[in-house]
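Quick heads-up: structures coming right below.
In the two complexes below, subunit A is the common chain; its partner is subunit B in one and subunit C in the other.
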Partner chain A sequence: MGGSLNANHLLFLGHGALWTIGLSTIALIGGGLLGFLIALARVSPSRAIRLLSGGYVQLIQGTPLLVIMFLGYFGLSALGFSISALMAASASLTIYVGAYFGEIWRGCIQSVPKPQWEAAEGLGLSRTQRMIKVILPQAMRIATPPTVGFMVQIIKNTSLASVVGFVELARAGQIINNSLFEPFLIYAIIAVIYFALCFPISALSRRLERRMGNGRTKLMPA
Partner chain B sequence: MGLNLDFSVVLERWPLFWDGAVMTLKLAALAIVFGAIIGTFCAVGRNSGNRLIARACTLYVEAIRNTPLLVQIFLVYFGLASIGFKFSAFSVAATALAINVGAYTAEIMRAGFESIPTGQIEAAEGLALSRFQIYWHVILLPATEKVYPALTSQFVLLMLASSVTSQISAEELTAVANYIQSDTYRAFETYILVAIAYVVLSLVLRAGFWALGFALFPRRRRLGTAL
Partner chain C sequence: MTKDSPVVSLKEVHKSFGALKVLDGVDFSVGRGDVLVLIGRSGSGKSTALRCIDRFETIDSGEIHVCGHRVDAPDIDLRALRQDVGIVFQSYNLFPHLTIEQNITLAPVSVKRMAKAEARERAAAVLAQVGLAEKLDAYPEQLSGGQQQRAAIARSLAMQPKVMLFDEVTSALDPELTGEVLKVIEALAADGMTMVMVTHEMGFARGIADKVVFMHAGKVHETGTASILAAPATPELAQFVGTGF
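Presenting the complex of A and B:
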């Protein structure tokens, strides 16, 4: 139909891949900031804040990202904002990633051993001091492997931004396929590019996990 | 221009939503059953002494876990069609989802296998249990019991991910929503209702798995906790 795969097509795919990376970065930063707030809210001394943030996490984790994408896209325009696909996708991914990071990091904060909290309290540190100086530095160490692991999920999930018309890697592949109709070839290339983006991060996350595991076994009594 | 929500025209079409939800559950159930089987065999394969089989299983797990479900579905659906195999959207969707969740299950099961102390396997060998008996009673069942919570969260995520199959027009909940919003021009309302439906479905699924856990693992029933 539209000829065969040429350098221009590959350039277009490369452009899509760059947008996949860009959107992943936006989601990582936005979702990271939101997730941090959620994680703090989840261990807040106020019951209302805990319930509210817990409800948010439950709600988002019970909804598919695809539906959140549509809600972001149609919802924001129903509210009267005229928005681009990039904005809708960024907002949806931020909301989604924030809930997952919030839950992951809550677990990390709570897995800092109880005596550390008590010792900090015993030293007369205020709540903020205790969090910043004692708990968070240790929680961050625990949080590194799962956070890196979740980055793979973020990259893969940006493919769903294609449904609101944002031209990232998956959408770029669809567009090229519509003109060439070589689905096997094109989607295989897309899959390989995604693999090349994700696999190093998965491998890194696994390595970090193993190192953490070793550290922990060393601390355990024989 | 303020927000003006009108749910009535969307709610009128509730039988469509119902059919979509049933279809979503059917897809998820098929994918979970076959995915669990694929994943368990794959975890056993990676554990086996045969290097070729272990390599093949690792390749499968890594390939699936590092590519988006959307691309996998497109590859299977349009790829098979282009070389002359024509299957219904539903069967392609169920197959792709099963292959997808199989890889995640394999990874979780492997963690379960690794948690079994070597001493228990040696003890079973000392008791002259056959290889199959050891696998079944000493490795597989206790390992599944240990990773059951992780497995069920993965399965709930799969049910949510099945929404992606709407992109090849398998007629599940999200595809129904796409149809209804184009019919009523009430996109926001439609997707709000669908989001609520998914939250309810995931709660139902969680409750179901919790009850199933009690039925499957008698120890959980007796002790009130896993292991």
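Presenting the complex of A and C:
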């Protein structure tokens, strides 16, 4: 590369944007699965499980993602594990997103009014049946807007994968800028691409929030 | 449990929430097909006593026997207990994401492993019993408060309980809607359902109760037939029912 911005640069940015989407998807799925388990653990009847999962959430929420990325990549390498940038970024984001989803969803599960739990219990449903058939369907409705909203954070946080050398959108921009020395232009283009990725999701989150206030998605009063 | 033994009995039941003594040696029993009405001021312990019967609260000491279950036993099979005991709450607590039919069929299918077709037939039957046959496909939010409470009663009835507990089921309803719920409960009593109910509807209590238990400061202060409401023996009950003393 070199000279002025051309189609190849834009293609390279496009490729980086695809990896941003890919990494976001991995973080969403991995973090979603982990977060679901964390959320269930956080409302477990077992105190030990609640404490353990709560400790995990506190630890991850108190650690910058950048540090988790470094630990995942350089730390594991130092311990003798060979790990690719993609694997390190995916694992770090999964660990990070899992803690946040776990906490968001714990709040959603616990915000289902207590009488709903009692009514299900009074009908003789087991704890698992209460969760699956009564609590989680209601919690999912509450959880949808904040979950979609947090997806925006996931997309933006994938930019930190650039520190371990993974070439996603931000890293692709850095590479192009290193050859063109047009930081304002390059980072403005990157900002526009991030905005284009995030804005529809933010809009969807706001729309879902509005819908929550109307129609059948509304929860019954306690 | 013998044929004549009480369906529900509480013996010397004590219960505290922290330093607050809520039940202080409560005794009462309910025979098969009888209607026991628990009355008392707010904070007298009547709702707690009712919740202890279905083990929503654990007791500190004493004994509770319900349909042959030793409710205070640490190893009680709660699912078996709750198949024998139906409970209806003040705030209806229908599941908002399910239709009325789904609300009613959920427990028979999930807990009693009833076939879905049979559960649907039962849902239709219990809804007809409470006068809501046409509301099978409605969602709870589409029903009035009184209809929701009747649907909640139908949901409990679908499990064919041996005893029904009602916890101030008309308190959240305006007087116009209260009547329709009370009529359903009267019909259940006429059919011989064993019931324990907490209510502030004194007129209704007079008409339906086989036994009235007046609770005061966590104790059974006065008990007897519905006639005690007209002729209270203690100043506390007299004051409560507003007859003076």
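By definition in this document, the second predicted complex is superposed on the first by the 211 of 222 C-alpha atoms of A that agree within 3 Å, B and C clash if a C-alpha of one lies under 4 Å from a C-alpha of the other, contacts with A are read in each partner's own complex, and residues count from 1 in each chain.
We take it that a contact is a pair of C-beta atoms (placed from the backbone, for glycine too) under 8 Å apart; a residue touches a chain by one contact, two chains touch by 3 or more.
Everything quoted here is computed from the prediction, not taken from an experiment.
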Between subunit B (first) and subunit C (second), which, if any, makes contact with A:63: first, second, both or neither?
first
Partner chain in contact with A:147 - subunit B first, subunit C second, else both or neither
neither
So in the superposed three-chain picture, is A:92 touching just subunit B, just subunit C, both, or none of them (first/second/both/neither)?
neither
Quick one: is A:126 in contact with subunit B, with subunit C, with both, or with neither? Answer first, second, both or neither.
second
Touch test for A:137: subunit B only (first), subunit C only (second), both, or neither?
second
For A:182, using the defined touch cut-off, is the partner it touches subunit B, subunit C, both, or neither? Pick first, second, both or neither.
first
Does the superposition put A:118 against subunit B (first), subunit C (second), both, or neither?
second
Scan A:173 for contacts with subunit B and subunit C and give back first, second, both or neither.
first
Residue numbers of subunit A touching subunit C in their complex, please.
115-116, 118-126, 129, 133-134, 137-138, 141, 216, 218-222
Applying the document's contact rule, which stretches of subunit B touch subunit A when the two form their complex?
1-3, 5, 62-63, 65-72, 74-75, 78-79, 81-83, 160-164, 166-167, 174, 177, 181, 187-188, 191-192, 194-195, 198-199, 202-203
Residue positions on subunit A within touch of subunit B in the complex are 58-59, 61-68, 70-71, 74-75, 78-80, 152, 156-157, 159-160, 162-163, 170, 173-174, 177, 181-184, 187-188, 190-191, 194-195, 198-199, 202
Contact residues on subunit C for subunit A in the complex?
54, 56, 78-79, 82-83, 85-87, 89, 91-97, 106-107, 110-111, 139-141, 152, 155-156, 159
